[in-house]
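Note that subunit A is present in both complexes that follow, paired respectively with subunit B and with subunit C.
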Partner chain A sequence: MKYLSLAIYLLKRLLKMLLTVLLVTSVIFFLVRLMPSNPIDRYVEDQMVQYGITYAEAQNRAAALFSMDLDKPVFEQYWEYIGKVFQLDFGNSLLSPGVPVMDIIAARLPWTLFTVGIGLILSFVVGIVIGAVMAFKRDRWYEPLVTGFASFLSAIPDFLIAICLLLLFGVVRWNGENPLLPIGMMRGTYSMQVTPGWNIEFIADVLRHGMIPILTYMLSQVGVWVLLMKTCTTSCLNTDYVTMAKIRGLSSGKVLFSYIGRNALLPVTTEFFMRLGFIVGGALIIEQLFVYQGIGLELLRATNGRDYPMMQGIFLMMSIAIVLCNFLAEVLYVALDPRIKTGGAGKDGK
Partner chain B sequence: MENKTAYVTLSQSSRAKKMLHRIWFAISHDKAGFAGFCLLAAIIIMSVAAPVAFPLDTESDPTQILSAPSAEHILGTDHLGRDIFAQIANGGGELLLFAALAAVIGIVLGVTLGAFSAITGGKLDGLLLFLADVWLSIPRIPLLVVLSAFFSLTSVKLAVVLGILSWAGLYRTIRAEVLSLKERDFIEAAFMQNMTKAHIVFKEITPNLMGFIAVNFSLLMRSSIYSQVGLVFLGILPLEQNWGVMINQAWTQGVIYNAKSILFILAPTVMICLLIISLVWVGKALEDVCSPSLRK
Partner chain C sequence: MKEKYPPLLQVEQVSVCYNTKRGALKAVSGASFTIGEGESVALIGESGCGKTTLATAIVNALPMAASITGGNLTYYKDGQAVNLLKLKKNQLRPLLWSEISMVFQASQSSFNPVRKIKTQFLDTVRTHDRSQSREEILNRASGLLRVVMLEPEKVLNAYPHELSGGMKQRTLIALALLLQPKLVILDEPTTALDLLTQEKILRLLKELKKQYGFSLLFITHDLGIVSELADKVVTMYAGKTVETAPVRAFFQNARHPYSIGLVDAIPRLTLDNRPVISIPGTPPDMVSEERGCAFAPRCSRCIPICQEKVPHSGAVGHMDGWYCACWNPASRGEHIGKDN
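Up next is the complex of A and B:
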């Protein structure tokens, strides 16, 4: 009986997720098609400006290149697209003709996941430790300083942090000579002279190039975790069950981990998974700033060139990531909190 | 009937007065709140006075390109030889004004939809909640990048778009808040007096959400500043002169390769940080006022 209701709940959730993704895809599809100008015009413009060829010739070239028929009614295109999406076929990119959208995404996504993911995990670990410590040291003089700095970091836009880091490391000459890091190291994903692959040189180079973006993501997120963890731990400290555990004479380690830690981590973990969903789509401006070849930069390029399938594909990936991680957060919350029992009914936010 | 209206207006006016009093109390008793308030006031005064006191250089001066700070130009000059300090003084007002406009639109939408949805319940509520879920699964900045292709966005249009886009997040929080308010006696009393839903939402519920609204106002202003400056930085919006545009110009002019002119990019960055931190501190002071656990 219990498993049946759980299965029904999961099925309902799954259907809702599918519907959400479908709706987002449809909204994006029409939004993208309604954008002024279209890929062919953009291409023709480009060719005319860059190579100085005539309008007619440029249009001939465009017609030969683009296999997509954009003159068909929009709704016909829409049904065709949705049908293909269900077969996991996202079409070919228009800007790099003949290359499937998924191949480009697969090439770009790891870079974004690498930098944003590591930044998020680092900030989570550091933030939780600092937050928990600060909750215990609320009467010390440095606590307001740390908390204030954390709220400052969490409030200012991440790209401003990136600019500050860039100035700090790459521009200012501290000892009157060279800046701390060569500025070329902060642009792009890896240097031209190294060959991609699993060799030490390449990995070191990638790490060097990723360092500043990762630091940016970490600094922009760490404040949130410090504040959240501090609030959660503080509220746990004042509860009856913690007092009771102390009275019973349990060791402070046991109180810290089993009583305070588990309860304080609950909302923090949920928030972590909610944010995890946004790591795919949240790095547009910073990737542009560091010319980091991730998915955000690809989306900007696709938007400029009106690469319809590419844009749709990237948005689809982003919304799937968000929906999936929200679901994970919900499931995890239930799994971690023994007080909540999954019932089929009454869980839809009623 | 007359009695009732008299009662409502009386309670309303005293509540507003109490609120103002409490806000002032919070700001003057909370150090960070006071600092934020002063900072915000200073920025506002500066942007109001700037067009008269520090007019922008309209002409470029080729002999003074990207010069270091001097007595004449205390923050140096930009790539066209114009004074940076004048741009800093003039660049904040617009950002603040349109952030406020976006926040007002967002608050009005969020409160109206959230409160009506929670009060009405039923199918409408479920539908709106689902739509908000869908809306929140579209990442914001990428969506704005796409949207900005549609119209030649001016500041006013962008503020309106930002306000409308922020409906979903606020809708969810307001709805949750109203759901708990709905159980209180005075709402039930209002229902029993057969008052209209509009009356209940705007006269009974909204005043009780004032603290919540104040906090969210500062949050919305922050996210609006983020989006405005971010889009300008991406070079998508040709806005008028403001701090974001300065950062963008400094960036595209490559001042990061020239340590002498670093103030061109650093000054607006610091100013935006100051503006945001002042908003945070004021918002936090307001939150302390309105959070029931701390009031006593």
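Up next is the complex of A and C:
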């Protein structure tokens, strides 16, 4: 009985998520077409500017290139698209003719997941440790400094942090010599001369290229975790059950992990999973700034060229990731906090 | 009459200050009394007079804003005197709960909300004694829960939020007795309960006390409970212990005008038609600097010296363990004291 109700609950949730994704996909479909200009005009303009050819010539090239019929009624296009999506066919990119959208996403996404994901995890770990420590040391002189710096970090936009890092590591000549890092050589995801694969050289090169973006993501988010964790821990510290645990003679370690940490982490963990969904979207500005070939840069390129299928594909990915992670966060919250019962799974089972 | 009980905990001149925005708030100043082995002591006084603060100081659980500014807490562990205030944290920890346990006033949230009651019982025992098996511990817990009239299987497997307020309170009392402590501190143990349950808990406490022989320090506003349960009554006013009296003496012949006020404020169902008299005025602000007796502005027996000098606690009456801090204590019916 219990498993049946759980299965029904999961099925319901899955359907709901599917519906959400479908809705988002549909809205995106029309929104991208509502943007001024269209792929062909964009391509023609581009060709004319870049190669100095005439309008007619550019138009000819475009006609040869674009297989998509953009003059068909929009709703016809829409049904066609949705039909294909259900067969997991997301179409081909317009800017790279003949290449399936999913192939491009598959090539770009790992880089974004790598940098943004590691940045998020690092900021999370560092943030909750500092946040928890600050909650315990909240009567020390340095606590306002650390908390203040954390608010500062979480308040300034990430591209400013990126620029500061660029200046600090790549431009300023400390003691008159070369800058700390050869920033010019660190564009992109890896250097041309290394061969991709599981070799030390490649991995080291990837890390070197990803270092500054990761640091940017970390710094731009760490403040939020510090503040959140500090608030949660402080509120747990003052609860009766923590005082009671101390009076019961429990060791500080036990009190720290089982009583304070366990309760303080509840809201923080949920927040972490909510944010996890957003890493697929990458960071447009940061990837552009570092010319890092992740999904964000691809989205930017697709938007500039009005590459409809590409944009739709990326947004679809993003919405699936966000919906899934929200679901995960919810499940986790129910699992971690016995006080919360899901509408379906908890009570009907009896 | 000799002192019946050998001392277990001596509270001597204990003072506690809270750092507040307005300055140091002297929540407890120079409180003194003794709890004997097997004795039950009632701590009474108006709301805000520092009862909880004093009790919390005994188990070293004061909030960060509070600091103990003086005094001694002498605990007699197997006949050896230790000052609880001088102990290091890791020396004090083994004493807590296995020697002194406490149930809070706001016991509604005394359990970790994300752990089952069972786990919290197990945790408590294992911290103090690693040798006991899970079954042993749970058996004893079940026994105690049955004693406080709860269903052990249901309670042990429940999360705290699944218990009612009264159930939580009783579970806590069971938890407090789990390690068979020498001293149990109960801060308003029955305020969350209906009259029937209150009555049951009281009977229960009496029985448990007989059975286990622990000492009891309990805080209450209900003088009915005091008369049923206490051997000794400590009256607090504005952070000071103004009178310590054996329970009969307290009800028949209290000396401090404040104690008399408290006794007179109980409505009685007896035939003597003494009117219920409340004490005029409100307790003083404990931040401002004191001069004279804190109760003087509300006192009907106030004489000039009361405004000038703080009265010291001194022995009164014909019984041992009867102290009063008053310049002009009541002498009403001094002869009654003799028939004890």
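As a working rule, the second predicted complex is superposed on the first by the 332 of 350 C-alpha atoms of A that agree within 3 Å, B and C clash if a C-alpha of one lies under 4 Å from a C-alpha of the other, contacts with A are read in each partner's own complex, and residues count from 1 in each chain.
Everything below uses one rule, namely that a residue touches a chain if its C-beta (ideal position, glycine included) is under 8 Å from a C-beta of that chain, and two chains touch if they have at least 3 such contacts.
Computed from a predicted structure; not experimentally measured.
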| item | value |
| --- | --- |
| Subunit B versus subunit C as contact partner of A:319, first or second or both or neither | first |
| Which superposed partner A:32 touches (first subunit B, second subunit C, both, neither) | first |
| Partner chain(s) touched by A:262 [first = subunit B, second = subunit C, both, neither] | second |
| When both partners are placed on the shared chain, which of subunit B and subunit C touches more of subunit A | B |
| Partner chain in contact with A:104 - subunit B first, subunit C second, else both or neither | neither |
| Contact residues of subunit A, present in both the subunit B and the subunit C interface | none |
| Residue ranges of subunit A touching subunit C (in the complex, touch as defined) | 139, 238-241, 243-252, 254, 258-259, 262-263, 266, 336-339 |
| Interfacial residue positions of subunit A with respect to subunit B in the complex | 16, 20-21, 23-24, 27-28, 31-32, 34-37, 148, 151-152, 155-157, 159-160, 163-164, 166-167, 170-173, 179, 183, 278, 280-282, 284-285, 288-289, 296, 299-300, 303, 311, 314-315, 318-319, 322-323, 326, 348-349 |
| Of subunit B, residues touching subunit A in the complex | 32, 126, 129-130, 133-134, 136-139, 141-142, 145-147, 149-150, 222, 225-226, 229-230, 233-234, 247, 251, 256-257, 259, 262, 265-266, 269, 272-273, 276-277, 279-280, 284 |
| Residues of subunit C that touch subunit A when the two form their complex | 59, 61, 63-64, 89, 93-98, 101-102, 104, 106-115, 123-124, 127-128, 159, 161, 175 |
